[in-house]
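Going in written order, the chains are labelled A, B, C and D, and every chain counts its residues from 1.
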Amino acid sequence: MKRVDLNCDIGEGFGAYTLANVDEASLLRVVTSANIACGFHAGDPATMRRTVEMAVELGVSIGAHPGLPDLAGFGRRSMNISPREAHDMTLYQVGALDAFVRAAGARLSHVKPHGALYNMAAQDAELAAAIAEAVRAFDDKLILFGLAGSHLLTSAAHIGLRRASEVFADRAYKSDAKLTSRRDANALITDPDTAARNVIRMVTEGVATSIENIEFPVRADTICIHGDTPGALTLARFIRRQLEDAGIVVRAVGLVE
Amino acid sequence: MKRVDLNCDIGEGFGAYTLANVDEASLLRVVTSANIACGFHAGDPATMRRTVEMAVELGVSIGAHPGLPDLAGFGRRSMNISPREAHDMTLYQVGALDAFVRAAGARLSHVKPHGALYNMAAQDAELAAAIAEAVRAFDDKLILFGLAGSHLLTSAAHIGLRRASEVFADRAYKSDAKLTSRRDANALITDPDTAARNVIRMVTEGVATSIENIEFPVRADTICIHGDTPGALTLARFIRRQLEDAGIVVRAVGLVE
Amino acid sequence: MKRVDLNCDIGEGFGAYTLANVDEASLLRVVTSANIACGFHAGDPATMRRTVEMAVELGVSIGAHPGLPDLAGFGRRSMNISPREAHDMTLYQVGALDAFVRAAGARLSHVKPHGALYNMAAQDAELAAAIAEAVRAFDDKLILFGLAGSHLLTSAAHIGLRRASEVFADRAYKSDAKLTSRRDANALITDPDTAARNVIRMVTEGVATSIENIEFPVRADTICIHGDTPGALTLARFIRRQLEDAGIVVRAVGLVE
Amino acid sequence: MKRVDLNCDIGEGFGAYTLANVDEASLLRVVTSANIACGFHAGDPATMRRTVEMAVELGVSIGAHPGLPDLAGFGRRSMNISPREAHDMTLYQVGALDAFVRAAGARLSHVKPHGALYNMAAQDAELAAAIAEAVRAFDDKLILFGLAGSHLLTSAAHIGLRRASEVFADRAYKSDAKLTSRRDANALITDPDTAARNVIRMVTEGVATSIENIEFPVRADTICIHGDTPGALTLARFIRRQLEDAGIVVRAVGLVE
């Protein structure tokens, strides 16, 4: 039996602010894991509490979504931080988010770095090792989410940390298994059929196809569903239905079958 | 001939964030003055530049809208700051906003403190004097916007600073000419006819009616139009039309007739 | 046998910044409990990690020291926050600090709100209840430090939370058991003999004397030692020696005798 | 007659915080130009006002010292910002600082980007052009300070902006005229005689010597004096005296002879 997790980023408001066009409550009804912003790139304490409570109520697995300390840039501008700084800012944010999870009577299940921190760690072994070590130091039962084939996953493996190999339904891949840049014209896959076909093949066959039409092996434990792209919710529902129709069990990574 | 200014707060996003339900470009087509957030309660540099450029393009008079350093609370939580601190944070924010106005080839016309800073200064003579002094020190041609009858206006008058007495179309008044609290059930006036009738009377007769149905004198140089209340845009357009139909000239405070 | 705890605030730097004149390593050798800043009024992640490691190494009991989100004002300017906001910002900061404590292989023992948050909660029953509830929700074994006789302590008692009644060695009291304002000329007690005599009497007899020379009952579980006043370190050492010479055991609140 | 400016960075505190070991008032008595932090990497409004007032009182030429929005990293961590973002954050900070200069009855004379922003712009033509354009848009009389031979200077030249070629007394150069990394063991020149001899030769002969002992041409309009290195003040005084003894006039860049 094949299975896969669907994860999305939520709680990405700040105070009175919201990101336009994100219907978080509906999105949470589609996914099985939620990555909740922890205050650095998004997410003030009140937003974090409400988001955690919503995720708990809807039975979604909860992860911390730590980012770079760059609210104005939404954590998407890479910064030249040291591994030690990456470690410390991960630990801080995971702890802060976990406090709300504990207060809500739930358990934190995973950690997924956000934006530039995720991308930097994917390509930098030292940053990846520092983040994995921070997660392990906080709770060695946590699962680290990282881009399929990236340093985040090898770093987690190296220290015996649980991990989930993440693929993207709505982003095009290059032949080296990396994501195309968000600035590329073809970076976003908006055709639902293409997106669904891609992820089903990743889950069932372990194979992905790059934007240059080259096949490469990929492991898909969890599929990232974006909430801030046009039609994101519709796409998410469509993908989930297609996965289930293909006989794939959609379930949070951490849950025992 | 009676005249009045319509002002609104804009540029109240931050980075990737927006306030839900505010259509700033449309709002700017209705008002004659815009108060632009300066980075403390809202408004990162990029948002400020874009907002200034939009206001310049639409020919709206531009004001700085300095607030308390409280992004998570949107500058609405009063803070126990000293007059000196109020002076310094006003000066900082007015200067920052003015840089974008200068770069856009325009001129800053006024300053309106935001949220809790506005309310605190309305009631505290020392804070009001410090803010008025900061405005004068920056540019003694600027116009200070303050709540009708408040310390902000008397402080401006005291040092010979130009000023505009502000009234609210969509907020209920108490008999002492103060605004009812936003937390009160009746704080917001949502009926367009009531709102329009109130402001026309303030402009033409200099009289307002409190929530307890008591009349009191008021001077209305400028009317605050909120953009973040439901139906704000429709209300703004309706009020402007009603004012004009009543023979009142709607024009920015600073403009020579 | 009489016993008392000595606590101090540390970790109050931020990035490259320090508070002038605070020798934290030496201070930690005198006290038995350390309240570590959690990022809102002071304390970036790197500072928090280093401070926690230092406290662990020196065997000092560790507490979280959450403050208002006001770095420029060092958390000393009161803000009009709701109880809900106080709850959420406490939970966030306690969780963040605890992450470093866990990573260092230690256990968090207490929570002491900082500056204006401490003072506001001392006088406002709703804020106090919200903070106590946040502490309990995080970990019901934690000890809440609060001003002797204040709402923080009654709130903790009300929900069965452990608590420590705090007195000040270097601050003058008013006859209602409240601290005199920092702005008062006589707010600080700088004479070592007076400070030591005062706290010994509070610990042994449960009595304090106000600035108006009125005696009032007080419970002294822990004595706050400031590190940022001139001669703070010398005063701290002197007080500790005087307490011990008077036969009082100086030990962290949470430790079993 | 040869002449040169001595500049230093000041106002680099934040709220209650200071950088250890910097005696700004004494430093200002040695230099002829001061670069004042503008709030992003350092410098809250109160610190900016006090620093500007001190610089005005001591007759030092005042420059804005805009940095990256990274208080915890003191603006020293490079960030992947767009030229547009560099433009906007420069404009914002220059305007904010200028407000205090105007309020103090003085005139802003120059702009020197700080830390990572300075280094990024030195090597990236698009960032440099965006910063130069922001300075020009604010006030086309301002002088842009940039590393000798860097893109900041060529960008300023390209749009007809006044500029000052900066050299460093206490930093070692590579043969390509770039600074060695702060992380290198030999990055700092601490021997006063070496430092003085180097800068005198740069000013009088227009020649510098790299760490590999290679000579290269350099233009020295202004010499950067750091305040946060050990013995900085003594070194600064020594260098000034040596320059004057060598017959070089030490005067702010913007001043007419």
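To be clear about the criterion, a contact is a pair of C-beta atoms (placed from the backbone, for glycine too) under 8 Å apart; a residue touches a chain by one contact, two chains touch by 3 or more.
These figures come from a predicted structure and were not determined experimentally.
Although chain B and chain C share one sequence, what matters here is the overlap of their interface residues, and that overlap exceeds half of the numbers used.
Annotation: B-D is the more contact-rich of the chain pairs A-B and B-D, by number of C-beta pairs in contact. In whole angstrom, the spacing between the mean C-alpha positions of chain B and chain D is 39.
Those residues of chain D in touch with two or more other chains are numbered 44-46, 72-73, 85. Taken together, the chain B residues at the contact with chain D in this complex read 39, 44-46, 48-49, 84-85, 88-89, 91-100, 102-103, 134, 137-139. By the touch criterion given at the top, residues 69-70, 72-73, 77-81, 85, 116 of chain C touch chain B in their complex. Chain A meets chain B in the complex at residues 13-20, 44-46, 71-74.
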